[in-house]
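Naming follows writing order (A, B, C, D, E and F), and every chain is counted from residue 1.
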């Protein structure tokens, strides 16, 4: 067949094919259209996809959906960078929303150098494991076992173990995801707004001498903090000082000043804490002997 | 009282069976030594050199990668020695040493260290090493030399000492000069495949045939395997499964047409099947966990081996069969999870 | 989709109207354009490609039939011998008759195929009715292992087998006197045997098998239609169709 | 497959058994022939209020109050709970003192100062005839006696007398296996308190309305079997059978399978298949206490291990401080680990100030040299499937362990039956890689439990 | 065995010249969707389905084109038709069976234009298979693809539990695994070929 | 990350370089692997395939970018595919015209360029949103990146697998070739090895940075 016919045929054929496909697609689009909001994907792209749950939703995609139907505020994602959240806010035409930064705080100050070790644990190097074996080797059965499950679990590397085997939270980085709260077998972590500056770093329920026999920075329930601070801010429950954060406004440093052990502490904005001046000075650097 | 030492606390159970990994591995090495000795007796210093080279390369590679990925050096657990020995046993006696070294390196690097070392490898390292060189140097790995050559303890097989990365010399004239009567350079399996002549079972058992160092003496291998099985250091179910699978497929074929299809006993005792079943399929790391899975795995290897040998392009299939089975192991496991004590019927369905 | 417009889109928008015409227009137009471009390129390259192909075949034919200078294509089958030009497909296998300058039939090139080690191997081989022997082979397509199976294409020692591979017809001209078989490397004793490449027995066997198979079928036919094949050489025009069984 | 194995094994062992399980070294010879001896009363007694499964008991006494040996000092805190009785005659020092426990967390306990002068006789009883009592009265009596499972679980015994609605108990299984190495207290009880044992069984038969009772004893205690058989009542509804010596033959599920060939449904309790399991010690004590309407104030404890100078079976008042007990039996200086219970399931304790509670069937002391077993190098799982062949419940410990290694706990529960594991320790025992599998599983369970609790909260 | 027999075509496509491990077709989905076993399985099914669609439609188009003697438009037509056919299927499934869509549908766009699908169509044309042969070829390819995918997924799931060195995690690992698999698959070479 | 998709970016050197390294289609995005592995058993093929792909990439990007305003969303994929297929067909015939041997060597993979995810990906993700210049330059970059990747594999595989590069003997004549490198597994292994190498270097760099920042460094 001649070249021209061939050209004609092919061009015609293609045109036909193109139109055919187009019609099919048109019909398809009319008949079989299922709408889903494309913004979900777009926002999800803008989220860190850490799926940590710090925002309070199961993961990043549900959070994105929540953002669109307004059940969440962009700033609730504590992992994302500020300006990123800003972009999302503008994109959705909602306001950023701002909630106070929360951080994880450890209710134990009994490092190796001040807390008495009753038995040497030999086995899996995890707090969970140790806690299951007669509660672990530590004299204070409420205290931190210092094997760093929390350090491991923190996806953001906000926790590092110090030389005395106590986890230290870097409040800059902490996103209050709460993983460490869940993982700690002794339930020593609590999530607090940074404005909660007064804090009792102990959970031991014993009192007096037998308490002090176990740890030098233990709360002995001597009640000084409760007496010194404004009415009702602190009261002693089960031999332990408990702060009523409802009255957080009236909290102040005076509460910690006469604490003999330094079990109650005052956090500054940067996240490092101070003990009262009457607190027994700990000069020991090395760990206490076992047994 | 008790105050001499501080109290110690441990988790239960406080008793422990004596058997430990390094013990198992050490015994496997013991079980392999007689086989190595026999192959040296058969093929002379070439075999010896081969064994040493592979083993040493494996050890060096292992230590190197442990150092790279700062893991504790895991040479002490002997598993890498096993890898080296088994690798050597699967290679032709005249295999150039430099190629053997390549095989050893690949076996550990690709087969083991890549995945994190002992226990994490998904396929049998030794066989990965062999499969690699078989694909890389198909000619060298299919050129066989006769056993019991006079003066084998004094001189190397010429191809053994090939210059690294260079082609080995052709051994055929060396074989002629050695005047081994009617040695065709073909393994019993090759002969079977291409000329339909089955070697005599007795020869296979005693190993007076061509073949790789470890595949020519079924009887010794079998005995050494039994030793492991009795020491409960190797799972007898795997070799049993392999043998079962082999017979299962080859017997009907044989009965159907004895002319072209080899006999089951030939299938069992020829080639690497015995070594493969006893020492390589039985590598627990690559094999399934569940009881039924283990049987399935063994049988599958047997069947696949026969299939490849009879219908495939290659005349030996054990290696590939085991590798494929390793790859299938996770799936076998997941479909053969054991029914647990007191499991209710409806749970079994769901 | 620019997210600006998305931003204005209400969260639960019902389906947006489909721009039917735009879709038809675009797709149709683009398709037409495509068709045009392709056909143009096709028309332009067609002759060149055809030429390339011809040269390729010629090269192959002349290689397997030494001393050939020109070729004619025929279809040969039970139905008879036809010049390729006016025959419809399916009346036989394509064979290439090769002639020297004087137009004397130097030999005939045939195609054969069989499964090798990796995949199907296709070859072109030359057959000389005069000496009743195979005069050469050329591998057209294979996927054999490089450095091993693929030696069948160039290994001189192996190709030597086919420079004068005996393919005598048996007495009643119904098939080959003796089968063409491959034997292990260095075991060749008879002129109709093929000396395998060691380490590539399978590939070698495949070659021998395919030549034997095609030879058993085609050589007798060729013998029957030798005259017209020869004649085609002298004739300036392609030979007229000669009915089979004429002689 | 399983039934095949079971049958298969029965060919070899002459006695009934279950499939899988292990054969650890027994070490029972150290104490098997030591008759039960009473030890002195400690100067102070520690009675934790929660030393049984279920709700803790509620104190009835006040500090400074005098108590007589056997007098109730705390009442049951609910149905699944039992009262406590004074183990000595003395004076109450405190009623909510926080004391260390073998489990770990400190719990409130009643502290009693012993009167040296007192003869420590139990004056606090009133004889009665069990045969005249109705089942209801019997159950009542059992609870009042403060009886809990002495086999280890310390589960209130009376609860097991009243099966859940719709269940009827037709068979009693009396657990005299004592499969734990070292322990021999049940063995001695079977030899020395046979009549009490049989009497107790009779009472429980009546209370539950069960037709028959089978006493299962491992075949390393055939003397006990003979002895019991010689004393059995002729009406033949109580029988005594030997079962293969194999750990954990004593686990109730295993014992039921061995004796009756039935399986307790996964996640269920023996009552689901009409069986209740009681330990022989439990029975013997019931047979002793109920007729005199006394309370449980002492139990037989095997003190053994190479760290003990005078290993033996001792009748120990509930509440005796561990430290005092060890002083009595003499602990060698180099002994460094104290295990409460058997070495397979018992946990070592971190403090010597814990009390001997109702659930403690043995105390085992290890010396440093004995422990070389424990601190071996841990390798990755080599998939040897030894653990699968050991697990009496046919779980897949290897897979469970690997999942635990990467903290995929929910999967362990949903896909690999984590919650069926009763922590017998067989898998850890056989694992050539020395992986602390059982410990992994305890951790996983704990974490899952907390996760669930959190779920239900919000 | 006869190279054109249906069995051989099937075996060849499934094992000997496995699409992924020997011919390098469809690697993107192979590496992308082989992390979990059940997704891999669904992916396999989806692929097999799409292959059927493409194989049949390719067969039809090729016939039409040869009739019109415009074979040079083959590629365009193949890809265009296959793509829109699959898209159609996808939308239908999405509309009428959301569950099925969640299982298989999500993969369809991924597959539409991948090498395996188009390669299938092209190869069956080059090799001039008739309809039945094309079918055998297509099923074989699908099965082979699924097997490879499942093996890969199994191994990768197993390695999820391993302490893999940080360097070799991720794509490199997957490729090496694929390499090992294809090494193992070399054992199938010449299956059914050697015995005439 | 902070750029929202709707901004048309202005042409910078990065527009081109991106394709070479941090968005390299093969080593980073792992797209279009099939041709990469299939045809790299010799350097020649690698080059040819690289050029062919680049051509299609550029041409189709041009057309798509030109038509981006008139193509409705619903038919964009179909349209892109047709456009791509057209150019592939053209390349296909041109190569046939140039050299049959090369054509046979590359096999079906020339036509399979259509299916190469990179090209459609570019059209969809970039060309359909950017102005002509940007698209072309970016396409060129991508093509170059693709070609470089092909070369990385091709040279290694040919060198080890045959002892030659572009057919030229590199090692001594009786160098024993590693056949496996030209076989399918070799393809996977070599690419895997490259990725391992890159990953190793990357991690070593990071470790250096960390140690410089000191122990207080946190990755966030």
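Things worth noting here:
Basically, contacts are C-beta pairs under 8 Å (C-beta built on N, C-alpha and C of every residue); 3 or more make two chains touch, one makes a residue touch a chain.
Computed from a prediction, not measured in an experiment: that's the story for all the values here.
Shared contact partners of chain C and chain D comprise A, B, E. Ranked by how far their CA centres sit from the centre of chain D, the chains are topped by C. Top contact pair of chains, counted by C-beta pairs, is B-D. When chain centres are defined as mean Cα coordinates, C lies farthest from chain A. Rounded to whole angstrom, the centroid-to-centroid distance between chain A and chain B, based on C-alpha atoms, equals 52 Å. In this assembly, the C-alpha centroid of chain B lies 44 Å from the C-alpha centroid of chain C.
Chain centres here are Cα means. That of chain B falls 49 Å from that of chain D.
Under the contact definition stated at the top, the residues of chain D that touch 2 or more other chains are 347-351, 374, 380, 436, 439, 442.
Touching of two or more other chains is recorded for residues 6, 10, 13-14, 17-18, 21-22, 25-26, 29, 33, 42, 91, 118-119, 121-124, 129, 132-134, 136-137 of chain A. Among all residues of chain C, those that touch two or more other chains are 1, 3, 18, 23, 26-27, 30-31, 34-35, 38-39, 42, 117-118, 145, 147-148, 202, 205.
Across the whole structure, chains are in contact as follows: A-B, A-C, A-D, A-E, A-F, B-C, B-D, B-E, B-F, C-E, C-F, D-E, E-F. Across the complex, chain D meets chain A through its residues 98, 100, 102-106, 347-351, 374-375, 436, 439-440, 442-443, 446-447, 450-451, 454.
By the touch rule above, chain B contacts chain C in their complex via residues 138-139, 142-143, 172, 184-186, 190, 194-195, 313. Listed in rising order, the residues of chain C touching chain E in the complex are 31, 34-35, 38-39, 42, 113-120, 143, 202, 205-206, 209.
The touching residues of chain E, when paired with chain C in their complex, are 1, 3, 8, 12, 16-17, 70, 72-73, 76, 80, 189-190, 192-194, 196.
Here chain F touches chain E in the complex through residues 30-35, 37-38, 77-78, 81-82, 84-86, 88-89, 92-93, 108, 111-112, 114-117, 120, 180, 183-189, 191-192, 195-196, 199-200, 203, going by the rule given at the top.
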